[in-house]
Every structure is written in structure tokens, then in C-alpha cells.
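A, B, C and D label the chains in the order they appear, each numbered from 1.
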């Protein structure tokens, strides 16, 4: 299957941008699933903040540059990719298509990119990597204690995953939709670690959920246990970014979790420049939150990200057309990124950041 | 009744935030009462300014902090509270539920918080405190002259109220709706002090209403007369804040009266930082105006308030479900506040203010 | 008739603010007349700019000030007024009510204020001043040449008008509606000075209308000819303000002509502070454009205007109820201004400007 | 035909501004053609940015200036024009009216202005200039290589075109509508230069289209080949502007291509001041993008442009009434520009730029 996925140029009539898949995806999903996918926390201000921050950064075109032979290639942790558009970890992908995470992973690798598989994947880590035929990256949620967390990470490493993205910005389990019977987090130990019993007057937050959340000591411990590249996902404050890199991590993901955790956070792009200024010399910085097209990706790269993650858009492709849809979404965004780079006179990723082409 | 109110976690189906009570409350009230509750002065710009100011302050999440055992506890004037969410003084609560202020007070104390009972309460001060089973705070309106004002304050003190919040930003009686026959300000001396007769050419404002308004001398006099904690409610200018504290008051409430007095005032949150900078070292600063959820409360606390007041939202709960509704609103906001604190890496109220987690 | 006009408190049921007259006025006027009254130039951006500028200035309330005995009194050019709310010159008032300018003038004087009668009044200058029973002010349009202009000014002076406001921001005759047969500019010499014949290639603007527009030399000449107080109306640039005062004028009106001349001008309030800073020590500064209520008036006064002009709102009152409507609009705005002053702790007009109560 | 076009004052009832032609034009065009004309790239942000930038610049009126005898005259490259409103190059004008580019060119010259004829004109360059009866300017697209490009430019020069505007901001052929059989780019060599064949892994952007895009070396070469005035169209960055002038070009056009190329670019007017500051001493600067009326033109001139280009509005006139419509659009905008100049106290184009009449 990787052959058509790799050569894919255009499969769906009337689809010219990733956003065009939205209208194909929605009718294929239940209302509840659609809401689960599209919703942000609270009144949606955090999602809007992502959009506004991306719209506010504008691109100054730079004609007449010689960009022949340019490319979107990059190397991350020794691995060569054709483009900087990673698939973000999204849970329970069998909600959206019966092929689930396997389809997304096949598409990512066929398009010479990378997927980060969620701890909450609805297929086994082993079967996903087998479908992909290549190493993938793994998104790790803290499992309530060190032993369970390490067990999950080691399973991923044993299965051949090549980097660990440790998500820290959603320590409290979010309310999710009622999952169908045949969709579950099949890679997690069951039952989950029970929450501590609360005494009268104790807080379900501070004495309950947060007891099972990771802290800086846990991060240091995890760093020691894991020899693969380790990135922390969910960073918005430059002080935290610096502390993470000082803890020996290889990188981080600037993200507000797609506006799904706390309403009222800033747009992720607003926080990117300070973090870049502080740690980009010594760390790999990924950007996640609100990327909808190649121009958005260009903006994040221009402001200092090494690569970006796309989230909901590839799920639109998955829901609409399975692996082919995901591959097409990646291809469309890459084409837009290339076109934007050409118009901005930047022939490779370092040139994007070096170019003086962002106007705010 | 305090047992179920205290243990309350969730009573109403479909209610996940305080705002969800709005749609339960509205059909239970007459259109006139609803308009009286929800309306702001003029074209509503002051209410919008409150909302915009709160939305403009955004919260940077700070993961990986150890917040185990955290809490929202605080001590105000020697009294211990479990959380900083005070019930604001709202008049004529029997308009909204037959249990009136008594229900709100029971809920506040059952949730280990505090209520400020209005001078315009529709039940006797004594009966409200009896229903609550604990000390409450009293909101004092100037009664046109010193004698009547002191008489009202002394009645509250005699009934066991533990602090006086003296409201100064609404010196002119606002046009209110036509009250039903069985709802009135039962604690005020009747008839009210008559307005001075006006000579030709005199102003109903400067020579009428404002003759019965308190001034700085009256505040100094009141401070001398009252040994309880005395706070001034309705402060927006830092110069006034300083003058109030220099007059010996214990604190103040930064408030634009929920946007109900003068259209075209700034959002209260815009004025908070300057006031905090000027007087927070020597005074208790409460914040009131526009708080709708726990994130809003967090923002006011982060900008230097010691505690916040909630207004319309608890009346939504009162109208929908009486004391249980009020208790649930408090609980929901406290849960949201705790969750926000956890996500911002702040385990107690001092940490909120110390944390660098507000982005504007 | 001046008795009921002077004592007027409230005549129309449901009318609580000047804006409430709008819905009474509109059905009494033809669509064409209404459009003529309400319309701004172009797409209405200049009118919006006036509104936005006023809304953006917000008032910090200052409680506890002693404002007993306060007032809105002021003296302008030796004449005492009870309030600073002047009626702006509006043309052809018999379009709006059969009593025309006479009704407005009666109302202005009965409310102890002042009206500026337009050069384009639809009643004779003499009859208007007779109806008013007091001196009025006269708005002078340039009549194409000095002789005609002086003749018109001298007629007004002879009729007893006490000040001249020379409008300079509308040198080109605006397209107006087709006037009914019985409404015309009865005070102007007929026929009007013919526009110069244009040669091929000449501009109807530069070689036509503008040949009949006044320039700085004309202003200097007019200043010499007129011994009454002379103000220039339609000033937005501080350099022009300075030049006008240096030319010996007594004051000026900061105005964008209610957004009726050039779309895309700034809101008048945006230009006020610089002009105040430049010339207020030596000149009387009136503010005109967009005032809709007493808070708006307060804002302009706080930013340095000596008095303000109201325009469309008094025409709403005129259309709805003749002189009584105009008087009521003035009274309502004055009440709002007094209330705003009281809430801002300012007991007279100098205190408004001195108070630190504007937040931008 | 040039006689009525030159003397034209007003032909269409109800048309008072160029925008009024829009509603006459739309019903005369197919939906597809209308969408092709009006659409911007992507979600239209770039078009909105043009509008917002123009609206944000506001004009301070400057009364009392003596502007008699003023004019909008200017000289560009030795040629005298009556006004600075050039017709922008727009492709395939026979889509909009059967008279096509010839009609626009006649109108431009009859109104003593200038038209820039597109490389994608739907009539022969020779027939257009013949219809116009005067020299026109020619917009040059790169034709994939030097030989083809030079051949096209030389044909224009031979036909009598007097200046070359070399468009560089749209190197990649935009998706256009399906053209009717009888409309095509008749001046281009057919077939077009084929795109290079791509090897596996090559990019259709970097190894395809951009191989046929011009670069700085090509510009230098073109400058050497062309002795006519040469301007570069599509400049947004001051560094590029400087490089262009240093390459010996005579001027440039600040433009984002009417928002048709890359969504997310800044409004062209936002970029104008920096470019003016950098190169206006040694170059002719034209402004293009979003001009809809005479005030817009005034703003661009005030910010330093020597002349402006109008695009879609003249096509509205063309679609509605052929050459008469185009001539009327030009006349309306010129009248608005003259009126704006008069109100701003500026009697000629140098005065516009020198005047301190823009408020941002």
C-alpha cells in the first residue's frame, strides 16, 4: 500500500486543501465523535487564540530569490525526513476509521515523515509499527506511578519506537466521550492505577489526580531510564523550557494541547519566540497547536520551530479516506509549505528561520 | 441541610459549569426579574469591559510542578476559609427563590466560604444568620445620614455579622424593577430619609441625592464607630484605594458594581494591578465584577486579589435549585480553580500571585 | 411656552435617554429626510470613528468626594450658562418639525443653554431670535466671496446674535436631499454666487468650488470685520488650531462635522487632546461630533473641551415632540452629565478636567 | 470615441462612486468569472489585510488652505498625466466585456491617464495600442526562460509600449478558471515552455515551477536588455526594494497582487512606508492593492507613492458599460481624489506627501 500513498498527488475531487477534507469527514462520524475531535475546552478561547496568533503573523513574500533545487528536508535525531510535518499523537483513532492508527502511520511513513503514536492508541503499538514498516515515535502519558510509566515506555522501545514525547500538560484525565465497546486504550495496563481514597476535606485535584501526575523529579528519573531521544510535550513558559533542557531532555513541544486542556491559555505561537530564544541553541523545538495549512507551518518554522505537528487535519483525512486521506493531507500541506517557501524566497528550512519574512 | 450542601458534588444533570445554571434559572424567573438580574447600565459596555478584561488576561500553564496536598485555603480577618470565592451582596434574593438570602448563606457556609449579605436583603439579618449557622459578612449602604447608617450597622453587628463591607460606588439609588408585594428591603428603616426639597435651579443630583451620599469625612467617622473589619466596596482608582487604607480601613473591594452603575467605566480587572501595587502590602483586596468560572477567579488572584466575589452565577444556582444550586455553583467554581491552579503549577493562593503565569 | 420647557423633567413615556427619542422621531420623518439626518459620508467610517473614540475613553468612578452643591454652570464669552450642552448648527430644521429652528432655540434658552443657528436655517434669523427671547449664536458659512459673507454676518449681528462660529471644514456644498417646496435657506442671498465657468481641462474642485472657499487671508479679514466672539468650527489638526488662535480668533470647535464630510477622518475625540495641549490656555475649545449622552459629554470635557455640542439627538427630540422634545433631550443629557460628575467625584466643570478619571 | 470618454462626467443613473458599478457588473458575468475576478487566495485574509490597512490610515482635514488652481497632474518617465490613477494589468479582459483590453486602454488614455496591459491580455498588443491611440505600458511575466521573455518584451516595445512593469511575485502559474474557447492569452508563444520532467523525489515547486521563475540574475540581464523604463511589480520588503533599485531599475510597484497570490501576506499599505523611506529618493514607487476610491488613493500618495494602480474597480466599469464605464470609474476616483486633496488642504501631489494629514 505504501506505493500509492507515496506517489499520491490528488485523490479526492474538489479537495484542494486539507480543510476541504473537513466536510468529507464530518458526515462519516457520529455527532459525539465529531464534537470530541473538534471541541476545545471551555468556551473555545484557547482554540481561537491559536488561530488568532497564527493569523496575526504574516508572511512577506520575497521574489527573485533562486530557490531551484530547494527542499523541505530535515534531520531529526539522526533520522532523515522529507518534510517537517509530523502527525501529532491523537487518541483512539479507530473512532475515526476502522484502520485506526495503522493507517495514519502508514501514510506518515509513506510520505517520508513521522507519526507520534499516542499512549491512548486503539491498536497495539506493535501492530501499528508493523503496518508502518518503519520506526515511529511514541507519545508517553504518565501512568500514575514510575513503574507503570516505565513499563509502557519500555514496551514502546521494545517494539521499535525511536523517540519518546512525554506529554506533561494534561496531568488530569480529561472527560472524554463514551467510547464504543470495540475502541479502547489497548496498550495501557488494566485496570488503571486507582485514585487515592480521599479523606474528608481533601481535594480531588490536589490529593487525587495530581498525586498521580509527574513532577520534575519524575522527569529527571525518566531521563535517566530512557536512552532514546526524549522530548517534553506541552510547554508554554520559557522558564519551563530551560528547566527541561537542563534536565537533559533532547527537546520539547511548544503546545497548548490544541486548546483542549485549559481554556484561557495563550495561543501557542505567542509563546514560541521566547522559548526559541532561550533554548533553541541546545534543543529540538517542535510546534503543535492550530496548524491548518502550509502557511501556518511556515510561520512556526520562521519563528524558530524545527518541525511542526499537525493534528485535527490529518484526522479529517483519515475519517474521509483512511490512509490515502492522511497521505493526501500531508502532501497538500507539504505542497503549500513548498509554495510558501518559494514565494518567500527560502529554499530550505534553515533559510525560513534566517529570512526576514515575518511581519507582526 | 448543611450536610448535603457540604458534600455536594453534582446534583443537576447536564450541569458542568456555573454557566450551565443560566438556562435553568431563566425560565424560573419573570422577564422583568431576569432583566433586573442580568442587565448592566446603559448599553452594557461596562459589563462587556469586565468580560474583555478577564478574557485578555491569559494563563500560562506550568506543568511538572509538585502540587500534591495543595489547597485553596485562606485566612481573612482571622477566619479560616476553604476557598476564596465569596458570595457578593445581591439585593432582594427572594425575587429569585422563596428561600432567599437564607439559602445562599447556608450554601456559602456549608461550602466553608462566606457570604456578604446586602443591606437590601429581603429577609431579616437575624434570620439569615440563623439559617447559616455561622457568622456572615454585612454589606452596608449609606442610609442618608450617619444616625440611620450606624443604626443599621449596629443591628448587623448585634446579629453576629463579622465584617462590614461599605459600598460607596452607588450613592444614587438605581432605578429598580417594581418589586412584588411580598419582597422588600425588610432591614431598612421605613420610610427612607426624604430627599431634600429642591429650590428652583437646584440639581436633583448635586442638591438632592448626593446630599445623602457619604463622603471621606463620613468614612472616617464610620471607621471610628465600627471595630469590626471594615472594607470599602467599589474602588477603581489607586489614589482612592490609598486614601481608604490611610483612613484606617482594613481592605477594599475593587469593583465596578458588575457594570450596573455607570456605563463606560473600565473593566475592574484593568484597574486591579495598580491598586494592588499601591496598597496590597497593608490591606486586604477583594475583587468583584464579572467572575464567571474558576479561571476568572485564578486571574484575579494572580493579579493580586486576596479573594474574589461571585455575583450573578450564584443567583443562577439559587433560582434553579435553591441552596443546593448555590452550593453547587460554589463547588464547581472551586473545582475549576483547583484544576487551574494545578495546571499552572500553583499549589496554594500565595503561589498563584507569585507564579509568572499571566500573559497579557 | 418657556415655563414648561424650563421645568421639564419628563414628558414622554418610555423615554429615559436621548437615544430613546430616535424611535419616536424616525416614523415621523420621510425615509429621505431620515437618511439625510442620520447618514454619514461614504461608508460611514467617520461616524463609526467618532463612536469608537468616545467608547474607548472610559471613566474611572471616584466615590466619597463631597459634591454637594455642585453644578454644571459655566461662563462663555461673558455669558452665564447652566450647562455646557450647546445645540449644534443643523440646517433646514423645518424638515423635522414645522416649528423649525424657533422650537430648538426656545428649548435651548429655556434650559439655560445656547443654540448655534445655521446659515442654512429654514426660518429667518430674526424670527428665531424673537422666538427664543434671548441672544443666540450664529454659524456662518462662507458665501463665496467676502461681500456676501460679511452681509450675512452683519445681518445676524444686527438681529442680536452674540457670537459667530465660522465653519470651514465643508467648503464644497454637500449633496443634500431634494428639499420640499416650503423649506429653504431663507437667510441666504438668492441666487447664490455662480460657480466660475470652467475651461477645458480645469477641475470642478480646484477651479470651481474651491475658488469660493475661504482661506487663511479670508479668516484674517473676517476677524478684523467682526468684533463679536469669533470661533472657527471644523478643526482637527493642532497646527491649524494654533494658527487660528494666532489669527486672533476667540476659540474653535474640534469637529469632523459629525462624520458628514469626508469618510476616513479620525474620530474627533482622538484629535482633541493635542489641540487642547496646544491652545487651551488662550482659547475656548468646543467639542462636536458623536455626543449621544451625558457620559460622552463628560469624556470630552475631561479631555479638555470647555463645552460640547449636541447634534442629531436634539433633532430626534424636535422631530418627536417639537420644542418640548428638544428641551427634554437637553435635560436628559444634563442629568446624565450631573450623575456622571457625581460618580466621578467632580462637582464642577473645572474639576472634570482636573480629575484623573479618564482611562484609555 | 475618445471625445465622450474624455468629457464624461456621469453616465449611469445611481452611480456615484466606483463601488456602485459592482452591482451592475456582477449580473453581467457568469458566476465563475465573477469569482475569478473577486476572489483572493485561500481564505481571503490577504484581501482583508489590504482593506484594513487602508481603513486604518485616516485623513486629517486641513481647512483654510488656498488650493485654487490645484491639480492632480504628474509626470512619470517624462510623460505628463492628468492624474495618478493607473489601470493595473488584469488578464483576459474579454472575459468581462467583448471590447476587452482595447476598451480599458481607450478609457485610460481618454482620461489622460495610463493603462498597464497584461502579458495575459486577450487581444493583441498591437490592436490594443491602436485602439488607445497612444503609448501604453506593458506588464511582463517571465516566460520560463530568457529567450521567450525577451521576445515578448521586444514585441511590446516594437508595438510602441513605453514602459515595462516586470511582475515577479507570481512565479507559479495560478489556478485560473476554465477559459471560454474564444478567450486566451493571444500574445504568448504557444505551446508554453514545458515544465521540466521530475525525477522521483523531486519537488514540483522547487524542481518544477521555480526552475522557470526569474531570479536576481535574470533581473540584471533584463535590465541590460531593455532601455525603456523598467519597474518591478510585486515588492513588499524594503530590502528587496533596495536591491531592485540598485540593479538599475527605474521603479517598483508595492503590491501583494491584490491578495491573489499568497494568503497571509501583510496589507500592501503596511509595507509602503518602509519602502518609501528606503528608495523613494532614487526610484518611482507605484502602489497597488485594494484601492477602491479616491480617499484610498490619497492615503497611498500621502504615505509616499508616486502614483497608484486601480484594479478590480475598473473591471466593474468595463463589465457594466465597456469603455464608458472604465472612463467613468477613473473620473469618479479622480473627483474623489481632488475633493480629498481640497479638504486636506493639498493642492498638488507633492503637497499630499508633504502634508501632515495622515493619522494612524
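Assume a residue touches a chain if its C-beta (ideal position, glycine included) is under 8 Å from a C-beta of that chain, and two chains touch if they have at least 3 such contacts.
This one's a predicted model, so the numbers in the text were calculated from it and none came from an experiment.
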item	value
Common touching chains of chain D and chain C	none
Same or different contact residues where chain D meets its copy chain A, judged by the half mark	different
Turn needed to bring chain A onto chain B - CA fit, degrees, nearest 5	90
Approximate Å spacing (C-alpha centroids) for the pair chain A, chain D	43
Whole-Å gap between the CA centroids of chain B and chain D	61
Chain B, residues touching no fewer than two other chains	none
Contacting chain pairs - touch in the sense defined above	A-B, A-D, B-C, C-D
Parts of chain B lying in touch with chain C, wherever the complex brings them together	42, 45, 49, 168-169, 171-172, 201, 203-207, 209-211, 213-219, 234-237, 239-240, 243, 256, 261-266, 270-271
Touching residues (chain side chain D, partner chain C) in the complex	17, 55, 58-72, 82, 293, 295, 299, 335, 338-343, 347, 356-357, 359
